[in-house]
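Some structures are shown below for you to check.
Below, subunit A partners subunit B and then partners subunit C, in two separate complexes.
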Partner chain A sequence: MHNNSMIFKKKTPLLVFLVPAFAFMAVYLFYPFVMNIINSFSDIPSLGASSKGWLDPWYSNYQRLVTDPYMRTAFVNTMLMMLCTIVFQVGIALILAMLVDNIRRGSGFFRTVYFFPIVISATALGLMFNLLFWYDTGPINTILLQFGWDHLVNWKEDHWMFTMFTPVMWQYVGYYFVIIVTGLNNISPDVYEAAEIDGATGMQVVWRIKLPLLYNTLCTCLTLAITGALKVFDLPWTMMPKGIPLEKSWLTGTYMYKYSLGGANNIGYSSAIAIFIVILGVLLSQLANRIFKEKDY
Partner chain B sequence: MPNKTAAVQLKRRRISPSKIITYIILSLWAVTTIFPFIWVIINSFKERKYILTQSFALPIGELFTLNNFTETFEKFAVGPAYRNSLIISGTVTIAVIIISGLCAYGMARYNFRGRKILQTLLIASMMFPVFSTIIPVFSMQTKWGIVNNTVPLSWVSVILPQIAGNIAFGTVVLMGYIRSLPIDLEEAAYLEGYGVFRIFFRIIMPLAKPSFATIAIFSFLWSYNDLFTQMFYLRSADYFTITRLLNEISSQSGGTNHGWMAAAVVIVVIPVLVVYVFLQKNIVKGLTAGAIKG
Partner chain C sequence: MKKLLALVSALTLSAALLAGCASAPASTPASTGSTAGAASTAAEAKPVELRVVSSFSGTDGNRKAFETAYKAWEAATGNTVKDESQTSDETWKAKVLADFETGSDPDVLFFFNGNDANTIVEGGKVVSIEDIRKEYPNYASNMNDSSIPASPVDGKQYAVPTAGYWEGMFTNTKVLEDCGLTAPDANTTWDEFLEMCETIKAKGYTPIAASLQQVPHYWFEFTILNNDGVTGHLNVPATADDAAGKAWQAGLEDIKVLYEKGYFPANTLSASDEETFQLMYDGKAAFAIDGSWKTGQIVDNVDADHLADYTCTYVPAKGDRKPTDIIGGLSMGYYITEKAWADPDKRAAAVSFVEALTTDEVIIEMAAGSAATALKVAPPKPADLNSLQEAAFNMVAGATSVTPAVQDYIKPEAKAQILETDTKLVANGSITAAQALENMIKANG
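The block that comes next holds the complex of A and B.
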């Protein structure tokens, strides 16, 4: 893979190739990340101001983190979001991908259509779903009435979790769909031919061939679902700002925002929540990788 | 599609009940992804009071109006917001192409000590959630004096973090593509007397065009849609982007002016829809390429 061509013997041009990118990342990712850890132990009066020294005790933000009941709410909601992401986003995507794999006509169309919500800003989607779920006579309630529902549902108050999770799930199904379809296309036709000769039924092909051969692809999806669920911000913030109703709908991301720009001003605490998000992401994706080790075929 | 044997093809050509069910299920999901957008577009052309009372009626006759759009354009600076979005996201896109292109070429073709470590750093950079860097970046840029300053400087305060957020992704995708290119062309050019930079700009960039296109589209969309960074740096209406403006319209309409809400969604979605229809192949490929490699 590495080559020893004459062109690349002289190493000085390498500086021009690498320095801009790594300088950018050093200044805008690595340095701020370290600063963020330091900030979480420091007393910072306001956003953009410099630190007034260490907190006393230095770990007090983390102490608060474990006792804060709303942080617990945010944590539980985020974990539920992650679980739903894995079960519904990846699950629905898997079923749709298996179905598309059986047809020829229209598979391109379905891919294009399923993927579309991902390129739309979550802010616009949040606003759109605000209208769709509108209480009292929004379109969803109108449809339900047509189908014999006996009352109008106050979605954002009484079913806030469903109302907040559904759009997030819906938006990203297409993403996992495309990844799984790519995985299915990578399965060698020889395998199917062999199965055909052995007289395997359609269901057997799914369970004995497609699913096992998709194992690595599904591992990728799992990691993406874990890290993705921790990054969700725009859609919940547009639909359920400030934890409405009654501070029940916080997620770790929106709760972190609350303490920087979202009303409550506590930069150190906000930084501590951000660190918590990172640690959670690293731990859970490592755990998932341990349990579901990628296989070589 | 893999080539299957003739026997299999023959069998597949018959329309079986299972195939009909397959199409029905696939179409149902397609309806859920298309219908909400059609609903919003239709309703944005309706008189405000009818949007929720007659939400499935077509905007014909007395229901039809352009008021939602004219009001939104009058009350909010939609035109300048488009301009701001175009400038910010356009600059981010160009910078990401050049910086990650250079980096990818260096990483793909050179042998040097520390290559492995840099590669690990690149992959790690893709995992940093924006939450964990935004506050220190904000204070750093405040110290530089570019936050909440004049218009061009405030653009810069959004552009720089967004570039940084896209470089790793761009480099990883391009690196894979450049590695797959045969080196013969570069060697031939070298014998012709081309320097390594001329090789990069004249040979690699044109050859890797599809990959660059993917990254361009993806960086642009990501920057255009990224509300979180824009909330931090764009606080005065003069430099609002389209997405930031949408957030403003949503909070100013108090959640009750359904006309504005529908019109605002359409204003944001239409440019993306147009881009998507023309470039969807590149977009779909690009997002998954990044995901699978990462």
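The block that comes next holds the complex of A and C.
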């Protein structure tokens, strides 16, 4: 008892472990974040260049942020991405997990197959889907023509949202699938046995046992999905760079990149967009935490 | 607890200050008074290591010539080169400029000579050719001074150019043959070109392989040249209604006409450049304007037996411009940095390095027969040219003028605005050419 209390009185070991990590965070997270706030009020002609001073008026990047029609597009698309993530990524993952949970053999195989897209780099996936949706004799259009379609489908122009969202949804279904399957495995077999004795049907087991007991797992998935949707960047940028088509497909992340490393070179404005993304992320994650509050059983 | 907080705060502050120190710009002043001393040092120079940053990376067509030349220089002088070459793109440009900001200046830099280098020129980070010649009168003496591009900042020349670029019209002659046409030549007018496009379209081909989404740059440049002519081409519009502004609007309207007539690929508003140029390789499109670098790519991608299906010719003209007035220039060159110039040990080595990398032999090898150079001697015609290279050589040899691309004279944000955003929006009628001009002028500051 005496020794245990001494552990908490001696602060040195605590400092040894905490300070380096905190210093690392300070230098590589807090300091850049503060600089990012300062940069958003500054006139910086290109990445790496010195600031030419404060903007006139100093808040002009934020003024531009609220009047920029493409920023509005980026915001709406990001919100749509979030909605689709919730409905399709978590929804499909839930259905697949329920199905796999019902089979006795081969569940390991399905887990591997569904999880596999996660381990492939988003850039490689983007290139692969680019080839699939290739306008002139890409595989999808070739198959459609074989089945009697009378024209080539311009996926990136006429169905740009489907073309951009589908690969993103597909890539992360396996991620939520694994989390939900793990949640299902944690449900005690006794509950299933009791249900069987009571004569519950398969659907009743799903609605009355599995879904209620998965509540906390689903809350975690939904919170991850909401915050994850805000960070989606690489796959859309590989497939639909620079707002393809006609500036319609911007996301907040890709639009910020346009002004930092994407050629438009307005670091101040890019910083202002970054601040907006951070604020949006904090607000939405707080909202998600309140809506999807985990229950104690 | 207070002590703990104080310690953590102190450490954090120290770390932040250290990071701040790292990003402070180099404060080495220009040592104008040390010129004589440096000259004497140059004569007795000891071997040094030069940090060289260039875009001659592993994939660059001129990498071999660059490497051979600097290794020969190393062997001859005993100096060594710390080669930090990378492929040129926006990230590389930003990294090079960031290096200067953080005091990590290279000794010699191969970089763009237009607006991209404005911050290093404004910051006094590089030495002008004029200043170098005060001490080394023969520096870049194998070049025509009038052909060495000047900095937009102060009109002074800083970068010694190597081989430049040109832009021309690549043509699939097999497609044209099937349409009963021949490739445009030195006399083809814009109206004749439109008629050719109509014939090609009627035959079921795509007349022009171009992605207005990704690379409208070449068509933008030539349609403007068609409207402002050689003498006015480098004037950047100050208002949408001045002479340059009207020419730019007319150029954008010409692109719109091509789009509305259906001469571009059906997916030109969303396709990538490689996707549209594939139509040329597949024998589905007739024309594509591109740069000198495309010659090598076509040679690499096409069987030797089918290379004769491609040629390179002049872009049809209208107004005061002749088809033989082409776009081209020397967009990059070697800079000697102030850091190397101020270092008595490195000054002579840097000068000697640039001289060794810009000899007639090295530049002629890099020019590969057709690229523009600033050399006083005219590059000879190489003996082993294939049919496409021969056509490119003849096109450049027959050019009546070579004008730089005006898009390199506007700020990156303005360039992105008009080329990556607004050109396609004008083409499909989402905005007017006047609106596009106003957006560009606003972004250009």
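Convention: the second predicted complex is superposed on the first by the 272 of 297 C-alpha atoms of A that agree within 3 Å, B and C clash if a C-alpha of one lies under 4 Å from a C-alpha of the other, contacts with A are read in each partner's own complex, and residues count from 1 in each chain.
Here is the rule we use: contacts are C-beta pairs under 8 Å (C-beta built on N, C-alpha and C of every residue); 3 or more make two chains touch, one makes a residue touch a chain.
Model, not experiment: these values are computed from the prediction.
In the superposition on chain A, contact of A:238 is made with subunit B only, not with subunit C. In the superposition on chain A, A:154 makes contact with subunit C only, while subunit B stays out of contact range. In the superposed model, more residues of subunit A are touched by B than by the other of subunit B and subunit C. By the document's definition of touching, neither partner reaches A:286: not subunit B, not subunit C.
In the superposition on chain A, A:13 contacts subunit B only, with no contact to subunit C. Of the two partner chains placed by superposition, A:63 touches none, neither subunit B nor subunit C. By the touch criterion stated above, A:201 is placed in contact with neither subunit B nor subunit C. Once chain A of one complex is fitted onto chain A of the other, the partner contacts of A:139 are limited to subunit B, with no touch recorded for subunit C. By the touch criterion defined above, A:22 lies against subunit B and subunit C together after alignment on the C-alpha atoms of chain A.
When the two structures are aligned on the shared chain, A:31 is found in touch with subunit B and with subunit C.
Touched by subunit B in one complex and by subunit C in the other are residues 11, 18, 22, 27, 30-31, 47-50, 130, 134, 136, 261 of subunit A. Every residue of subunit A that touches subunit C in the complex is listed here, in rising order: 11, 15, 18-19, 22-23, 26-27, 30-31, 45-50, 130, 134-136, 152, 154, 156-157, 160, 241-247, 258-259, 261-266. Those residues of subunit C whose C-beta lies close enough to touch subunit A in the complex are 4, 7-8, 11-12, 15-16, 18-19, 25, 90-91, 93-95, 97-102, 118-119, 123, 213-214, 265-267, 269-272, 275, 278-279, 282, 284, 411-413, 415-417, 420-421, 424-425, 428, 430.
Note for the complex: subunit A touches subunit B at residues 1-8, 10-11, 13-14, 16-18, 20-22, 24-25, 27-33, 35-36, 39, 47-50, 92, 95-96, 99-100, 102-104, 106, 109-124, 126-132, 134, 136-139, 142, 170, 173-175, 178-179, 182, 185, 187-189, 192-193, 196, 202, 220, 224, 227, 230-231, 233-234, 237-238, 253, 256-257, 260-261, 267, 270-271, 273-275, 277-278, 281-282. Subunit B contributes residues 1-5, 7-8, 12, 18-19, 22-23, 25-26, 29-30, 32-34, 36-37, 39-40, 43, 51-53, 55-56, 99-100, 102-103, 105-107, 109-112, 118, 121, 125, 127-140, 142, 147, 160-161, 163-165, 167-168, 171, 179, 183, 186-187, 190, 196-197, 199-200, 221, 224-225, 227-228, 231-232, 243, 246-247, 250, 255, 258, 261-262, 264-265, 268-269, 272-273, 275-276, 280, 283-284, 287-288, 291-292 to its touches with subunit A in the complex.
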